[in-house]
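Should a chain be cited, it is by its letter among A, B, C and D, assigned in written order, with residues numbered from 1 in that chain.
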Amino acid sequence: MQLTKQKVGVLGATGTVGQRFILLLAQHPNFKIHKLGASSASVGKVYKDAVKGRWKQVVGIPENIASVPVLECTVENFKDCDIVFSGLDSGPASTIEPAFRKAELRVFSNAKNFRLDEQCPLVVPLANDSHFGILPHQQKAQGLQKGFIVTNANCSTTGIIPPLKALQDAFGSLDKVVVTTLQAVSGAGYPGVSSFDIHDNVVPYISGEEEKIEAETMKMLGSLSSDGTQFQKEPVTVSAQCNRVPVLDGHTECVSLSFKQRPPPSIDQVKEVLRNYTCEAQKLKAHSAPAQAIVVHEEEDRPQPRLDRDHQNGACVHVGRVRKCPVFDVKFVVLSNNVMIGAATSSVMNAEIALAQGYLN
Amino acid sequence: MQLTKQKVGVLGATGTVGQRFILLLAQHPNFKIHKLGASSASVGKVYKDAVKGRWKQVVGIPENIASVPVLECTVENFKDCDIVFSGLDSGPASTIEPAFRKAELRVFSNAKNFRLDEQCPLVVPLANDSHFGILPHQQKAQGLQKGFIVTNANCSTTGIIPPLKALQDAFGSLDKVVVTTLQAVSGAGYPGVSSFDIHDNVVPYISGEEEKIEAETMKMLGSLSSDGTQFQKEPVTVSAQCNRVPVLDGHTECVSLSFKQRPPPSIDQVKEVLRNYTCEAQKLKAHSAPAQAIVVHEEEDRPQPRLDRDHQNGACVHVGRVRKCPVFDVKFVVLSNNVMIGAATSSVMNAEIALAQGYLN
Amino acid sequence: MQLTKQKVGVLGATGTVGQRFILLLAQHPNFKIHKLGASSASVGKVYKDAVKGRWKQVVGIPENIASVPVLECTVENFKDCDIVFSGLDSGPASTIEPAFRKAELRVFSNAKNFRLDEQCPLVVPLANDSHFGILPHQQKAQGLQKGFIVTNANCSTTGIIPPLKALQDAFGSLDKVVVTTLQAVSGAGYPGVSSFDIHDNVVPYISGEEEKIEAETMKMLGSLSSDGTQFQKEPVTVSAQCNRVPVLDGHTECVSLSFKQRPPPSIDQVKEVLRNYTCEAQKLKAHSAPAQAIVVHEEEDRPQPRLDRDHQNGACVHVGRVRKCPVFDVKFVVLSNNVMIGAATSSVMNAEIALAQGYLN
Amino acid sequence: MQLTKQKVGVLGATGTVGQRFILLLAQHPNFKIHKLGASSASVGKVYKDAVKGRWKQVVGIPENIASVPVLECTVENFKDCDIVFSGLDSGPASTIEPAFRKAELRVFSNAKNFRLDEQCPLVVPLANDSHFGILPHQQKAQGLQKGFIVTNANCSTTGIIPPLKALQDAFGSLDKVVVTTLQAVSGAGYPGVSSFDIHDNVVPYISGEEEKIEAETMKMLGSLSSDGTQFQKEPVTVSAQCNRVPVLDGHTECVSLSFKQRPPPSIDQVKEVLRNYTCEAQKLKAHSAPAQAIVVHEEEDRPQPRLDRDHQNGACVHVGRVRKCPVFDVKFVVLSNNVMIGAATSSVMNAEIALAQGYLN
């Protein structure tokens, strides 16, 4: 029985990711929005005024949040929170997140700053929550009792990790992974991508994105040492090509991969593993966990972003067109909702898992 | 000095490819539209009436073509043509094209039917015009004096062949090629893709497209035997993933490849070869040949379909983001105008080359 | 207390409107899907097979409907239904709907055929349910006990009727109405509008649409004679210009109008009337009725189709930018969800009202 | 015979309108780019570097302009120009344009600041070049010999003025005009409209746009007093509703209007007048003048932005669907290329006319 909800703060509450945090947390069984933080332009306003003209969600501002005052992102303002969710850009995140940790706050961050940090778990909640095991080490190394930083992955990395993890768990190490992404405009926030740039167009470049996929994948598919003090990178070779396409939400990714194991598993074995994959968030009955972590499509033309992105409130990933690859062993298409599991939903589900696993005691 | 223009027929003249033929041929220095053919719905009308409500070009119907009558696609109607360009769908093409050849007509076809035929050249005019050398053998095998069928490649294959050929010529055989396409809606003709399917969406499947890229590439990168009687397939392994994206014209393709040669060429060597590539159509000063066959972009976010597809009247291919691939040797982005070099422009340029090389005597 | 649900048949069940009927009726408190009908291509299949590759909804086929067999649309097949919802095109509707009525079936039709019929009510359920009063006359005139045809309006007419009716109720007859529409592609069904036609484009023409708005508005704003035997057209002059725009769902309509009453009401009075408008469906607590029939927006840039179309499950209409018109008295913007209140939701809500009002006894 | 070209300066040369000026003037028979000005971020760079990553045209930077240095927009820097074209935003335009005039420079401005000024002509070159007749008065009132400011209209006003002027010239004063616009995203410049706002959407509001159409139309349809010292506003009543739609270039406008003259002209008479309309720019053989000022379409679904916007290099306006209006006398659809005749082309054509009429002596 949950007697009291954890008090949560949301940093960057007025931005694109922040707005999603608000929607996910306004009526959450474990968490209760306690404090909202944003940049100086919003400080001193109540939430609904701070996002005036910038609230771009298809549902309205939750009534119980509309009049919450927006604060400056200082430790002083948030020190009585149990958890802080950060939707900050990497600029402000670079100083605010470590300052909050130092003040013994638990920070669940969407920013890129600490993803590759040796002490910080980088967790896609559908895949590698075992990396939370580094947290005691992080606290010890930082000289802290409670404070830590947990990060979730870049939106385009998030989509591919669950199927890659499922296959690695079943068939051993992957050898090579080639991925080409077709990413939605919402991934760039608001105002983000100019209509002038993406209308009737493809932009075959997203700054820093390919490097993130390549590095984050190696960390997340890797393991934590048995003493819980260091991450061992998985020696998989990853090559990514990233494109922006005129789609609002939902990243499509075309993946080809090979296994180290020879002969490789059959296509039917691959499909079965993906279909039967179950993650810890499901077993723990985390509030945001999808009923099915990986939805495998048999129709030849699915998944599609417009039709599939909102399935299970965007908390799962979709895999389709699983078939033999003439160059590697298997190829398939992945779809994930970049603003949900690719961003705020991952942070929140990470916190739900951490809570269930006792890391928030 | 060219005394008289070749009399050309256009089959499938009212369709999407056919309309492009009309625009390319209406004022051509070597060819003169002599006969127009289409399906029974159009037969008996003059051209402008036959395409009423279906002429979807940004320029109007050429005045000298507007009143040309549309005929049934019979040998009888077209027998006094020197050349026939076919924009027919594969259904009617399967019987009409061989019948026309048998009647000693030279057929330049966009249809897929004869692309992999052992006697028919499959030619991207910017790359493998040497395959025309099979034509005497085709004529002999068919017991013909003049008639033949020449095909050009599928639009998505067309884009990648020039850079692949340039690299193969310079650095020897390619080993593996992985390509993911982001294809424009115009590739599906008219009415083609429903707005309901592609609006705010990606469709990660185009029927038959991946197989075409994989098979056509092996034929076109291959060589013709020294006696001109058979094609030797290049043993390159190709894997394609094809997607439809909400772009009007212009196929974007993300390519990663490895060479057989070890060590592979450097990125600078690859760029230099692509930049300096010159094709036979340019040397022959073919009317439709671009000044530069492969345009290499140095900006980090180019090529882009909307900005680059109309360069050189869509007759070239664009390559950008040439860089090292962690998995293979090199990766880059290709853009080609699928309705120009990917379709009608290829047929017309093929005929220009064949004319210059004496195959139309 | 509702003891038993009405048994309903759905005609045209595999089409765009039919699919929406399925979603609205699969778990309805008053209605239970009993029979499904479609064209010969679907007959003999179970529903999920009949819509294979054509189910374009973001939620899946309801499980309890997936295996229902699809029947030919004959009286024999549907005679044990209490109600029939018709999503038929006007071609088949022209014979099937009257045949069904003649067989004593109650038909709620989306087709245009009987909208202007002197015996058939044309009802936007948020506005003129009083027109159901003609039903006894229709039955008598047709020599029937139970059978009738009820129609709902064209999608673009549907959006403007609630605000026009609200204003007419409050301030007396309208004099002139000028409306320009910006209509979504889903209004044309599937495959409907070719992406080639609407991509990066506006098509300033929709066949028959302007005439429908002009005629249907006069009927629906008119009254039923006191003896319930004839409709008196409202002598309002309406001029419509209709455009298709690249939006998936949601028709935007720019309206300017004048009142007969001089001086006209103030802008504040107009807003107040729109905001306070309550329709019979709300009072009857019809299952599909929105909590608010007309949502009035105060933000200067709303309503917008993408942000507002799904509010209240698309069962309401939105009005924004209510302001003085230099030429007429007032101008404003209307948004309605063309696939919901503009189509299937109207039929279903009409049946709910008719049920509550005793017309289905 | 033109002995020497006028030396022109371009202010705001790096912006969206400025880039169009560059393209229009790089090879102009009357004008020669002499100086380029932009904001401090660009000052000190050569043009091609100043627009790096912001050059969004489908043709490249003209070679003869690429290395021109970008200067601060000071009188000192531009004093040796004969003409200055201003693509400045209204902020900097408010001080720079009058300062340039005061320094005896001829300024042709796209900015809104002086459009309604009593001494400044507001001219759509296809319609009311007679307003240049105020220039001697402006110079006298300002105590100047050569300097003046000429403005061209807002892009959405520009489209409707030529047909309104043609009809007024032929049939006398217009009484009422109602116009609803569907405006392209390029009208907002770069980065302008966020893809997040306009993707799959309509925004029924453009700040200040409706007021501009209403006020500018009255000025431009009005006359200049016989002594050339004041504009007499035309007492036509105009009501505009403005929408942004997901189209790149090309504003569509739905117009309904009534004439003062009773009975009004017939639809055939209206069409004939529009079709036969000839403007002064054509008579003067101005370089940028279209061969046909108003293109009248007979097809029921034209004009369309994607198909018609580039006709005659975007220098004309298109009118289609001319038909009776149930509320007013006539209604029709107008299309104009907002980045060409709606912006830079108007400025340049205005200067061409002014040159031919002797105002630049």
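Everything that follows uses one rule, which is that a contact is a pair of C-beta atoms (placed from the backbone, for glycine too) under 8 Å apart; a residue touches a chain by one contact, two chains touch by 3 or more.
As the structure is a computational prediction, the values presented were derived from the model and not from experiment.
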item: Chain of greatest Cα-centre distance to chain A; value: D
item: Between A-D and B-D, the pair joined by more C-beta contacts; value: A-D
item: Chain A and chain D: spacing of chain centres that average the CA atoms, whole Å; value: 48
item: Chain B and chain D: spacing of chain centres that average the CA atoms, whole Å; value: 41
item: Set of chain A residues in contact with two or more other chains; value: 56, 199-200, 246, 248, 301, 306-307
item: Graph class of chain-chain contacts, one of line, ring, star, complete, other; value: complete
item: For the chain B and chain A complex, residues of the former touching the latter; value: 176-178, 180, 182, 199-205, 214, 237-239, 241, 243, 245-248, 250, 252, 254, 256, 300-307, 320-321, 325-328, 331, 333
item: Of all residues in chain D, those that touch chain B in their complex; value: 53, 56-58, 199-200, 248, 299, 301, 306-308, 310-311
item: Of all residues in chain C, those that touch chain B in their complex; value: 56, 185-186, 190-200, 246, 248
